[in-house]
Amino acid sequence: MKVNVLAFGIAKDIFGKPAVAVEVEENTTVATLKSALEAQFPRLKQLSSFMIAVNSEYAQADNVLQARDEIAIIPPVSGG
Amino acid sequence: MKVNVLAFGIAKDIFGKPAVAVEVEENTTVATLKSALEAQFPRLKQLSSFMIAVNSEYAQADNVLQARDEIAIIPPVSGG
Amino acid sequence: MIDIKVTEAPLDIPACINWVMSPQSGGIDVFIGTVRDATQGKPVLRLEFEAYVPMAMREMTKLAEQALEKWPLHKVLLHHRTGVLPIGDVPVVIAVSAAHRAAAFDACRFLIDTLKQTVPIWKKEIFEDGEVWVAAHP
Amino acid sequence: MIDIKVTEAPLDIPACINWVMSPQSGGIDVFIGTVRDATQGKPVLRLEFEAYVPMAMREMTKLAEQALEKWPLHKVLLHHRTGVLPIGDVPVVIAVSAAHRAAAFDACRFLIDTLKQTVPIWKKEIFEDGEVWVAAHP
């Protein structure tokens, strides 16, 4: 299945656009998506860390993705 | 000598006026003035505590009063 | 920089905040005291504040100077009002600016805590059935 | 009661303070973040804030709910701005009212500290010679 990953902050700069479509297996976990993103965009590995949000909530590594989920990459936050 | 003692808050209520003149010896200390005030206004003894200010500064018990000092009785403060 | 005021006029909170702002500052902490409608469950009608003004100004200035010595602050403002204040009105505004927020928070809290202990200002609570000078009696 | 906003429009500090005031409250603590003219000694020209708005709103709401559980508060307001902000401008306002000041101070500090750790908002510092997403790299 194809998932669309929204990007913000430095992740948007690394992607070169505000979202990328990533081809993943059915029942892919958040951990697998993170690895796929790092393979496609090696500069992500230079970040202090990054999280994945699913439907506007921080996701755990073993969360399973659905095709209709809203997925976002969350680089280290720095608001305030 | 006579010293004029300004009063605020509950001390003004106890004096019944915003200042009282108290007759004291020359070279009277703050401690002696406090005793004289307590003798003249026994309700002062019911307060949690009270301080004497001399020339807009908290005074110590052994400070010696001068006739030209501005003297005030400072009951427990409660601003803010 | 220090700005101290003891006044019968209403306190101007936006003006207080504007005064402490500076291009060097990253954080401002503001404490605003307001007149509460009850004390220990008993309804309060209004408060009355009395100050020994010259000494209050001096003590407030000392507090601001102490805060500037203890923390790396840019500006410190303490304004206190006197007179009769209805519920919801503002007797005190303390505002502190600093490069970093920890200093602003710590200083602001020190200032209000110490103001309540040392500055010669007195508060009378007026109830339906009487009135009390706060903290006067044990 | 909770008021959360993530907006491109300038934050209205007096309106924020009015919103948290209540007759039950005795103390209000307000934290105002401001754009500092330098970071670690290096001049900053301006900041740019980007937010993942729906998630930021959700995380800010969670923080406000946590604060209301941890402390006896009346009202909690968190407003954060996005877009390009010049020096001196205000990216964040946090205001908390409570019957007693200790809860207001503690909650306000918890809110800004935790907002900086969890809320999906990103800050870019723009210098003479380049720009940096804050905290992105080790």
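As written, the chain order gives the labels A, B, C and D, with residue 1 at the start of each chain.
Keep in mind that, in the parts below, a contact is a pair of C-beta atoms (placed from the backbone, for glycine too) under 8 Å apart; a residue touches a chain by one contact, two chains touch by 3 or more.
Bear in mind the structure is a predicted one, so any value in this text is a computation, not a measurement.
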Would you mind checking the shortest number of contact hops between chain B and chain D?
-> 2
Find the chain most remote from chain D, comparing centres computed as mean CA coordinates.
-> B
Averaging C-alpha coordinates per chain, one finds the centres of chain B and chain C separated by a number of Å equal to 26
Measure off the straight-line distance from the CA centroid of chain A to the CA centroid of chain B, and report it in whole Å.
-> 72
Residue list for chain A, restricted to those that touch at least two other chains | none
When you check chain D against every other chain, which residues touch at least two of them?
-> 33, 112
Checked against the stated definition, the touching pairs are A-D, B-C, C-D
Of chain D, residues touching chain A in the complex = 33, 49-52, 54-56, 58, 80, 91-92, 112, 115-124, 133-138
Okay, in this complex, where on chain B does chain C touch?
-> 6, 8-10, 12-13, 46-48, 53, 56-58, 72, 74-80
What part of chain D is in contact with chain C in the complex they form?
-> 13-14, 17, 21-38, 87-88, 97, 99, 101, 104-105, 108-109, 112
